[in-house]
């Protein structure tokens, strides 16, 4: 990993670099020369990158650059026409989304995709879905197994509720929550999955500064305390440049630059395509 | 002028969300409305555009005046015809319609200007023109946001209520939206801008309001707000010395906001 | 061969009725995403109205008046029972239409009484000979009427802004409201049109055989037709109706010889079998708009 | 709205949110019932509040007391309880999992015929195996119906919304055709066949006995079974499976991305729902003792949909309430016309009592849904909200 | 602790469904009251159009009985207090039956076969004598059911025999609904065809005028000389009209319920007048018998319909049995059933021959086997006039009733 020696993110990068260094430890995720297009629209065109353990990797780019599509490929929603994607050493292309989720890939969505009639609690409990090991019969009769597992899951979910400061909304159907809180619930649901890789698609969109700060904290804590590698997409450059260890810049589905925030920020191509004006 | 007087709004007959909000949007101005998640900004806009009903919400007190005339009993369609148009939170495009069809629905109340407005919107967002035959639901998030803004312009509104127009837009586009707002304001459209990007909003607004838990807690000219210590700290992210803080340094501790005491 | 052709033509004839019926369902669906189970009642009400009016005004005027009358009834229903439901789950609305159907049908049955009522159409069971093919005149009339009405509807949806407004309202009522679309107006329009279409369809159902208290059941044939065509497609409704009519007619004629093991009245369920087969290949029917889903 | 945070130092300064976080355990409660849990298991219990326990006990008590009602009402209620089992089943696939099924009548039929065939007279005109013990034919009816559910699920899983609704409706029509043709099993239309014999280890519920009249026995049987089926359904709803169903209903793509296999769970929903339907079908006709293949029609499916909509979607108690409402409604509307002076009792007059009854049935459904679209459950919520906030209106 | 059935201890009650109090609408308030229930298809079921006049006629019938002094001078009969709608659904039928069963002595009407089958066990268990509104051959085997007029099975046998002597057909096709009505008749046609060595085919057809395509194709393709129709009126019109339009020249004979006078206004009228005849278990509305005259007078100004005629005729055996019960002194359900079992003739006031009311013998001998043939006639009140009065064809004559016919198709 190209540990950032300068810039505001230096301290964090060192923490991350402490966890792993490319070359010595195999990457959690490799994305190799992936190409994806829809009738007439090329969404991803020859993108490659790797994510190291405990790395905070950011993907940025103009609207329509293909960032969300990258996430959709990773989580199995889109099937690319070419390329290879390995997660924890296993080829995941072609696997159904739920299989990939079971392997430990969790994500949040750009347009909040919560289960809007369910409470915050149930949404988070759903994050733990594949950690349960009991079947329909046990569920119908609420036998010991189901009961025990549900209780254990509840305890973990409560930890996350505490962590994300959601206690006040616990029993609210999420559809009634303000947008910003919904985004936090989504993060909570992803964390409840105990992910081995976390994808965050614009986690601070629609948040004011204060809330962005909170979210930044949560993201960093998740990475530092749980050691989960994270791929982050956002248009809030302040956040991305502060948090990310490395940044990949896409434009029209093609990679434009890949490097530390500092490197990327000063790349004229990036400035022209995305940042606009001075960095 | 669009004016809100002492407005109270309730959801589901029990949840009081707006508690006596008063606010004025003078014709020709750009007014910014800031506030944390859940403060009630969206609810206020719903009250202005007549959409509370759909959410089981209700105005229980106060009034909304358009050029001195009460309009809070009117249906959304009537309000649109009177020149109030809204960009709804969360884009809300008609995902099954094409880009162009979405825009045409926006022009429902102004069929005569449809063609001209369409050209104008395409001028603002060339990308939309490129994809005009495409099914809008497949657009990327940011593209959809452009469409939502463009659609609101199609009725040629006198008052434009923008609920977080820059949400999910790339920095370059945020700049463009900012310019766009300035531009359409110059062309005579009055704007009420709800934004989380306070720096952007206050840089173009003439006046600003800050809302917390259903109340207006600050009501000042934009320039004054920009200079306010709390606004600087809580909305602009400037430290005491005016330097930009790093997100890495944020602690889980917040100073008590002055306006709450 | 001639048998096949005649069976085909008979299929097109009954298929035209299904198509007319289907159009009413589709129009309401397009604007509200609701399948109106009140259509059967409106259809039969239309036919019964004609059967009374025809004695005074003659057939064509009776059809016109009945169309207006039933459109009016549909508008009233919409205003009283459907409009308050703007923004509510569509299935609740669908069940409401079912309640409406029950109420209207009881009233209409009162007017049907014990009889089989005749609509007094000019075609009766008379035949026409087209190049050696013997065809019932009423089938030709149905076919032409359907064609004309579909043409008019297409023009309406193509050249007025209401077609688009309907689709927008169907997709998201709140957002449509925010664009200044009067969703109530859209509802009323769709119900009015569907009511009028139901009356015309009902009249044709009654040609040649009359209507009695059980005739409403035929309106259910429109359901597989609209699924085959795609729930929100006018053209699909017509094609779906015709396909179902033709297949059913062919099955009626030949299944007994070719596949007797399917049971004696397999034709009755062929619409549903056709529907299932189409859906296996195309989950949104032949011309339905696929639901857009992306995350 | 400012958050109530557990960590910031200025908790006291936070304005009390209007009814925010009402049931937040371990948090300070702004207003309402004192509701303090000391463990998650208390919080997650089936009856998590005192009020619920009291209500349930009260309801059960009343239901048991009802067994002293006249026989015809008992029969009616017993029918209502069986319908409730069916409605709970439909609620699983439609209310919880969001797969609108108009095919419920078909699964009911499968259950009814399975049980009737198993317990039927081997010497009779129609198929029968003479196994009258309920312990055999009831689960069998459920399982065969569940199997039917599993068979249709793959197609159903591909379809959405009303497409699914109408396809399942097609199932009803196909089923009607099959049942009418297969008269060796069904007796044929207009003829029918005897239903399953409700016998449990030698005790017949469908004849008068020392323990009570036939109506009383049937009533108690159905009551006990309903409680059983309701409790298991509640368990299911609060388990991972019930949650996964709701997730699929609310947002299927997101559900899949967090690890819920869609097809498997849709299939499971159909299977469980059909199991309930099958059992309901088996029980339903033990009351009349006889049934006709024409009964399993669109109307029946629609009535079940109406039950869950009127009761309140995705709640077990709603399904029960809705089922009772729909089964009792005709009886209710029978009494009403007597109060209206203009309706004639003469069947040839219009309007006559019988027409008014049917029209009222339709009308009441319309009125009810227009004024309380959330159903009986919504009504209950409203009443409760009213009392909770009383005497403060907001 | 529930009061049930016959043990009911009401002050004025003589027995279940009989009171010493006068009927609510009593003619003579000094008489007691016998309550009879009616369960019919009154609103939304498939037979509503027939059921309504049946019910209406029975009301008039019993009213006339009451005016004429009631039963044995002691009781009047009420058929209006307990009328219920079954919507032709067995479950509903059973439900409403449960509702009224403890208030009535017997049933003045229980309409439909599957519906009645759903309460049959209870009727038998509690000795509830009932007049059916259906003509299925299954009732020949039930003591509690007092049927009137020949069943569909016999009616079709006679129809085929009639055609044998009139048209000498070589081939017969039965076009029929499924079940007790259609299949019962088709079975009769089949038995008669076999006996007359005719070629026989049966075509089952669903209800719905637009669903008759297959039946029409079968008819026009196979060109049978005789078609025995057991459908509803609208369907019959569709079949006859369109077959004729396609050039079919054979004969049609329909059973009773296929007819509706309004068919003569339909476009199929010419075909009907040319090709159709009707068999029926009794004489039509306009017939000149004391019973018919009384019925017309009692009903007054109604649109003629043979639903009335059947409803009226179905009531005679019950009246006879009630008379006999009161005369015998055992006023109870058991008494009524005993009275029924001892009836070997019933005075139908000429509407049916007295032997039609034989409930004493075993089915083999007691089954009534006479029917009539009528032809369409615009001048007649219900559109038909008799061409062949009550007769028994050779097939019906020699046939042994050993089970419901519909099982034999």
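A few remarks follow.
Labels A, B, C, D and E are assigned to the chains in the order they are written; within every chain, residues are numbered from 1.
Rule of thumb we're sticking to: a contact is a pair of C-beta atoms (placed from the backbone, for glycine too) under 8 Å apart; a residue touches a chain by one contact, two chains touch by 3 or more.
Going by UniProt, the chains are A, B = ABC transporter ATP-binding protein; C, D = Branched-chain amino acid ABC transporter permease.
Note that the structure is predicted; figures quoted are calculated from it, not measured.
Looking at chain C and chain E, the chains in contact with each of them are D.
The minimal number of chain-to-chain contact steps leading from chain A to chain E is 2. When chain centres are taken as C-alpha averages, the shortest distance to the whole-protein C-alpha average belongs to D. Put simply, the chain farthest from chain D by mean CA position is B. Across the assembly, the mean Cα position most removed from that of chain C is the one of A. Centroids of chain A and chain B (each the mean of its C-alpha atoms) stand 28 Å apart.
If you average the CA atoms of chain B and of chain C, the two centres end up 44 Å from each other.
Between chain C and chain D the centroid-to-centroid distance comes to 32 Å (mean Cα coordinates, whole Å). The multi-chain contact residues of chain D, meaning those touching 2 or more other chains, are 1, 7, 17, 180, 253-254, 257, 355, 358.
Chain contacts: chain B has residues 36-39, 138, 252, 254 touching two or more partner chains. For chain E, residues touching at least two other chains, in rising order: 43-44, 52-53.
Looking at the complex, you find that chain B touches chain A at residues 11, 34-39, 42, 89-91, 127, 131, 134, 138-143, 145-146, 164, 167-175, 196, 198, 234-237, 244, 246-248, 250-252, 254.
Of all the residues in chain B, the ones that touch chain C in their complex are 49-51, 53-54, 75-77, 79-81, 85-86, 88, 92-97, 101, 104-109, 111, 135-138, 151, 155.
Every residue of chain C that touches chain A in the complex is listed here, in rising order: 294-295. The part of chain C that touches chain B in the complex is made up of residues 86-87, 161, 164-165, 167-168, 171-185, 289, 291-294.
Note for the complex: chain A touches chain B at residues 8-9, 11-12, 38, 41, 61-65, 68-69, 110-112, 176-181, 202, 205-214, 216-217, 220, 235, 237-239, 242-243, 274-277.
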